[in-house]
Amino acid sequence: MGSEIHEACGLFGVWNLPDAVELTFRGLFTLQHRGQEGAGIVSSNRERLRSHRGLGLVSEVFKSADLELLKNPISIGHVRYSTAGSPTLQNAQPILVDYWRGQVAVAHNGTLVNAQVLRREFEAAGSIFQTTSDTETIVHLIARPGFSENRAAILDSVQRIKGAFCLLILTPRELVAVRDPHGFRPLCLGTLEGSYVVASETCALDLLGAKFVREIKPGEALFIDDWGLDSRRFGEPQKQRAQCIFEKIYFARPDSRLNGESVHLFRQRLGRQLAREYPVEADVVFPVPDSGNSAAQGYALESGIPLDQGFIRNHYVGRTFIDPDAKDRGRKVNMKLNTVEEVIRGKRIVVVDDSVVRGVTTVEKIRQLREVGPKEIHLRVSCPPIRNPCFYGIDFPTKEELIANGREVHEIAKMLDVDSMGYLSVEGMLSCVPDEPMDYCHACFSGNYPVQIDPKQTKEMLEHPADLKCD
Amino acid sequence: MGSEIHEACGLFGVWNLPDAVELTFRGLFTLQHRGQEGAGIVSSNRERLRSHRGLGLVSEVFKSADLELLKNPISIGHVRYSTAGSPTLQNAQPILVDYWRGQVAVAHNGTLVNAQVLRREFEAAGSIFQTTSDTETIVHLIARPGFSENRAAILDSVQRIKGAFCLLILTPRELVAVRDPHGFRPLCLGTLEGSYVVASETCALDLLGAKFVREIKPGEALFIDDWGLDSRRFGEPQKQRAQCIFEKIYFARPDSRLNGESVHLFRQRLGRQLAREYPVEADVVFPVPDSGNSAAQGYALESGIPLDQGFIRNHYVGRTFIDPDAKDRGRKVNMKLNTVEEVIRGKRIVVVDDSVVRGVTTVEKIRQLREVGPKEIHLRVSCPPIRNPCFYGIDFPTKEELIANGREVHEIAKMLDVDSMGYLSVEGMLSCVPDEPMDYCHACFSGNYPVQIDPKQTKEMLEHPADLKCD
Amino acid sequence: MGSEIHEACGLFGVWNLPDAVELTFRGLFTLQHRGQEGAGIVSSNRERLRSHRGLGLVSEVFKSADLELLKNPISIGHVRYSTAGSPTLQNAQPILVDYWRGQVAVAHNGTLVNAQVLRREFEAAGSIFQTTSDTETIVHLIARPGFSENRAAILDSVQRIKGAFCLLILTPRELVAVRDPHGFRPLCLGTLEGSYVVASETCALDLLGAKFVREIKPGEALFIDDWGLDSRRFGEPQKQRAQCIFEKIYFARPDSRLNGESVHLFRQRLGRQLAREYPVEADVVFPVPDSGNSAAQGYALESGIPLDQGFIRNHYVGRTFIDPDAKDRGRKVNMKLNTVEEVIRGKRIVVVDDSVVRGVTTVEKIRQLREVGPKEIHLRVSCPPIRNPCFYGIDFPTKEELIANGREVHEIAKMLDVDSMGYLSVEGMLSCVPDEPMDYCHACFSGNYPVQIDPKQTKEMLEHPADLKCD
Amino acid sequence: MGSEIHEACGLFGVWNLPDAVELTFRGLFTLQHRGQEGAGIVSSNRERLRSHRGLGLVSEVFKSADLELLKNPISIGHVRYSTAGSPTLQNAQPILVDYWRGQVAVAHNGTLVNAQVLRREFEAAGSIFQTTSDTETIVHLIARPGFSENRAAILDSVQRIKGAFCLLILTPRELVAVRDPHGFRPLCLGTLEGSYVVASETCALDLLGAKFVREIKPGEALFIDDWGLDSRRFGEPQKQRAQCIFEKIYFARPDSRLNGESVHLFRQRLGRQLAREYPVEADVVFPVPDSGNSAAQGYALESGIPLDQGFIRNHYVGRTFIDPDAKDRGRKVNMKLNTVEEVIRGKRIVVVDDSVVRGVTTVEKIRQLREVGPKEIHLRVSCPPIRNPCFYGIDFPTKEELIANGREVHEIAKMLDVDSMGYLSVEGMLSCVPDEPMDYCHACFSGNYPVQIDPKQTKEMLEHPADLKCD
């Protein structure tokens, strides 16, 4: 729920608008949910690239003076979550380098399954690495000598990397948007005032007043320059996509549209399906806000049980309160959510959330509800149990920390102290997608991995997951 | 809506707990919605008082080192909204002074109607004023010579002030909670670990794990010291209360209980009543989040029209984004709310909000909805038109700025570009209160002022409303 | 030496120049040595006063945005040193208040000997005090009713206060510069671009390009307004002045002129006199930089012993290094001064400083010199032993902490581990002043106090010196 | 003078002391004069390296929490000056990278004359560069494959770089101090509590209580590990050294010892020689403080003209005042230096400074002196005219900006408005060194460059000096 898992990144790019940098800043702001630990922008005046990166929220990293210094008509930006204990500035993106052809900057969302193998090869040949991110490996690939022109070098490079990746690549006179052949992570193209913008999610287009054009296609490298768009295909054609279903369930903003459909409506359908799979006699349905909002609505509509608000969220809770909270030992108090007694006391309540990962915060919320005195608590989760690691960019905790690891649902229900518990089935979940179920990756639920992982890398990933965390 | 109006203050106090200051910090944090411009804490070790105050959010004003320096078993705190152009530190509260009897600190929520008269009297006698707040006048009253003991001085002082006020008064060995005889603003007593806490709203008790005991009674001065509680009455007994109904409609957190009843449920009832007064044929109901959430729920339940989410709120929007937003001239874009096209396009939609004050942000939201292409927009507001100034502590804009000033509802509907508009009636609103309608102040809607205002002060207030702004 | 004692304040004012506030900022900057703990500016647009105050160095307190907000043609400013453990913002100056006549701001340099008595009287009459500074007492005096006009009120007020004081008083249309009848602290008038500036020291005039006009006379209240200057006399005429000789020896910048004469030259004369009183056979003379620079020069010139640099000062040592330094336990290292071995080793050295107060840092410096291996160390101090508290504004440590308290010079020499030690005699010191020796206060050396102290206040001052510390 | 030129860097390293990081912090602090734009520390726990770098002064970059995180027994640090318009974090040092053998960090003081050539070679082979500093080139060299062990790789690498360089190289278990075969820049070894420290200047040893052992020899790579010291020679043996004489004249702290001799005494000798070369009838000699202090002393001693202080420096002037100063248009005022009228007016004065580079600040100081009314001004400069660029690490302005470029001394005197001017001769300067004049580089004065510069690089350096500026 909410604070337990974190995806790696958000991307935003603008081609040729006078206030491209300001727009990128705003675009990153709307993608802040995809990464709160760092942000960066690289801009181009068609001759040189400029960079500003920092740790923290977008609004903390960029002051107006920084935006002023970056001011240029072409720009890409990145928000990231760092998995290592202390987030380091070195890993901030986009990475900007000098190489034989000039300058190039790369921003990346995803995880490469062959990054370690490639890194070893580069190191063996004498290369140095200043970050621990996959992105630097991509830059090394692009910088290899022997390509007569930029596009050839980039296409050859993206051909060699495997796994989940969306990239924005910027050279002084070219912006390239790349999506891996399986289409794990989202990336879309929009237009604004006669020019182009690229964003991880459509909500960023909406909030800037840009019009959605289309998604970047799996296996597409879209080159944008002063001559317009040039779309190139790379990688072996895949029979099916492997879009991350967890993006739709959890990460994406509900006001985004993935694969042409509203995330909010999809989640509502999950809630309806959940009501069909796990009906219950109850007096009231309410979500864990805001993660469960859409699904709870669906559950209420399908079941006919009235929807209400049993939890109220404090909007001022943010990172600013982390310190004092962490120091809290003696008293176990949740400053973020309060309960509404009248909605809960003596009632049979259905609580809906979008997921349960480690279960730590869920335990606490159920305990908080119990104290108010409901007659029964029925927990409904609008996705299946998470039992497998993700090798494509979602930063789940280690397998041992997953509450569903090695536990039956009734055992989990007991741990959480709920009267009944229902997880959506994999089939039920897949029945809600607007297109082909086969076009989705659901490895975290099913263990069915669409992309082969280098065995050495897997071992290492399982042992040192943080070291691999890309972005 | 949301950012248009601001009340002056929130109060929190703790008697005799080892971590009183940390608790007060947390208490203020939960009351942050009552004032975001400044915060302060004064604590006592039973011999001396210590103070720390500053501008900004609670989490910005207090660093752990500040809390460490304040560490004492008795503590009061205050959050405030400053109405003057640039908030000034001088006006921060609690005010702490030396006087002939020793030290006293006062924190205040409300507005005195005779503050200016009293201030003139004090100034004429040679007193100096270092702030523009009513609170300093109260301190001058308490400091007058001639009282044999503290309680007499305090009781005489609160007798002399008129208007809306909740006070926390701290001397080294005594904490006093005061509520004016009309009970305009809320103030409640709780217990925690065998001792007492006082808070503007019950949500602060809940979130700290304290138990609600009772509200401070109108006309009560509750003295808390090492001998326990001592409740004193002051002021002429009032036939009826004048509880601010706008607190219930707008200011209080929905998870608070006012006068023993859930604010959320009251707002739901307002929504139901609104559905009865202004029914409409429609496909979907949704709130302006989060201010309209409860009322929209009530409207949906009563009308049978399905509730959905047409607006999605960006949780990262905060004060940090104010600057860039303000600079935005060319593009009119709302970074805080996005729309969900599927919920809106081609539909007859009912949008519910808790209030419309100046109407500026409402105009923009309706415009944003229109762009998505609904068939019809029906705006429902869960309170009557606001047409009169508040002299008791709510910082409305000047009369000229109120959208309902001198306009009929159909004119407002036209300005806002909605197909129909419904404001709740005063009678309908009063029919939803859980107790006696006569016990509420609704002057901002009805023009019916329960407390006489000094005519000179009124004139001044109307001319220079900001100068009077209490706190 | 340097960091051991601190005077209370510096004053700067500008009448009617377009960039008065910027000039005041710069003026305070040049007076930074008179107080590093806080700074404040109040400015006037002839109708209202505006204030900005804060803790820290002038350059930390005022950002360009603050100066912009203050922008007005009339301005006064203050730098202060706070003696209490943690400096508090409440005590920052100038103090700005509203009173019956309007607004007034006061900035003060000195200490009143009857402040406590007056404060008690005001408190007994019901007044409240929000600071612990003498200045607030002065403001209460000015605010008393019954005076037909401003000047009468101010003249009556300054008549009633006793002790050492220089004041800048600002009302919307008048700036008043006041110096006590004994003339303890310096205050001078200058002209700049056809208008007036007032400053504690002449160096502030020089560095702003202003021309020195004259000192404010003891017992003068100089009113500056749009009609020009109006000089008024107050207090009983004194037969002699009581200028603080410690200002000339220690506090004032060497590039200032006090009573018409260069501070640097005066200190050089002290060094010459010191050489006559305490000659010694030696190879080299050098100062403790920079406090002993001028006197060491005088000593070298008079004695014929070559002047050199035995100590080199690190210019980057500042407050920023206080923390790490304080944490240093195991290693006793002085980061501020280094020695030049070639100047010291095997030599008979004369070290000259301007004063020895507690002796703590002197002990350390001598130890540092000893480690380099000089043949002999002869310490010469260009003032007499400090054995008495100052009641007029110099913040000496308590009597017990003074190294010269109850010790003969040979005992001090032994404590400090020097081969010989010479303090300048009181007579020798007074022989160096350019005017009448009787016109100086040297109570800290001689115990001869020129102004009667209220006995109650004295007792209190001796017991709680910090509480009295004015500013 | 003072603020006109800046050298690139200072180095400090500690081997195996419990508080190595704290010591490195302090060491950098004492070397702050060698670079104020950025600082960094990398430490080792013998397994992994940790890094913290930032922009600003040492005391700004490192907070106690940063030092705590770095806490390790082995540590190297760096202070730098960035020549580019806006200093960038990317160029901060030490650079820390991963490569095939593990981790390595490099800190560099100097400039390589073949850096660009090497960089081109690396880029042609596909390497990427994330900084514009020479240091990254060195890291690429060390990371090349094919060396059986670390020392071989490092020795081969330092063999291949040409120019001026002192390096500290850190791997998890080894600290290496390297000085180029000409010995351009200083680097010395000390002992502290049984272990080793390395520093750019001896003052850093003194101030930490470490004992000086010896200088790192030109062409020496000194490996320090748990087995002790291992000194290796590299590069072709040079017939003579090329120690930078400008370090002795200008950069080094006067309390440092270079090549075994006090910098202060050397500068005093320069002053004496200057008095012999350019004697004058005058009343007083004084320095531009503090840069001219030692030389002015020498001039006074040799000439018999009394030494005094005509300028007084404000110790609070620092970077904090840069902004307001820069904004100052109308009034041309020097906030840093004030004059002492009595020393100057009507006198024949000799002003001594250590150098005149662009002459901008000198013009202003002379103007300031003129205003006080001296009879004559005689400017004496304790080095020859600077007429040539430095390719070995001193960041002079471009040739066009040098005041001595294309001007005879009498022309310069006229520009500066002095009655006479004397620059020390090259021969006179060299006659003051304690060892062989041939062992010094004085190319900036004589145009005699001891190390061949790659012609392409020279051209580029002359055209884009900033891009080359290493650090």
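All chains are identified by letter, namely A, B, C and D, in their written order; residue positions are counted from 1 within each chain.
By definition in this document, a residue touches a chain if its C-beta (ideal position, glycine included) is under 8 Å from a C-beta of that chain, and two chains touch if they have at least 3 such contacts.
Everything numeric here is computed off the predicted structure, so don't read it as measured data.
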{"item": "Touching both chain A and chain B (chains)", "value": "none"}
{"item": "Length of the line joining the C-alpha centres of chain B and chain C, rounded to whole Å", "value": "48"}
{"item": "Centre distance in Å when chain A and chain C are each reduced to the mean of their C-alpha atoms", "value": "61"}
{"item": "Of all residues in chain C, the ones touching two or more other chains", "value": "none"}
{"item": "Touch relationships between chains, expressed as pairs", "value": "A-B, A-D, B-C, C-D"}
{"item": "Interfacial residue positions of chain D with respect to chain C in the complex", "value": "22, 25-26, 29-30, 32-33, 57-60, 64, 67, 203, 206-209, 253-255, 257, 261-262, 264-265, 268, 290, 293-294, 297, 301, 306-309, 312-318, 320-321, 323-324, 327, 331, 333-335, 338-343"}
{"item": "Chain D partner contacts - residues on chain A that touch it in the complex", "value": "51, 69, 86, 89-90, 95-100, 120, 123-130, 132, 139-140, 143-145"}
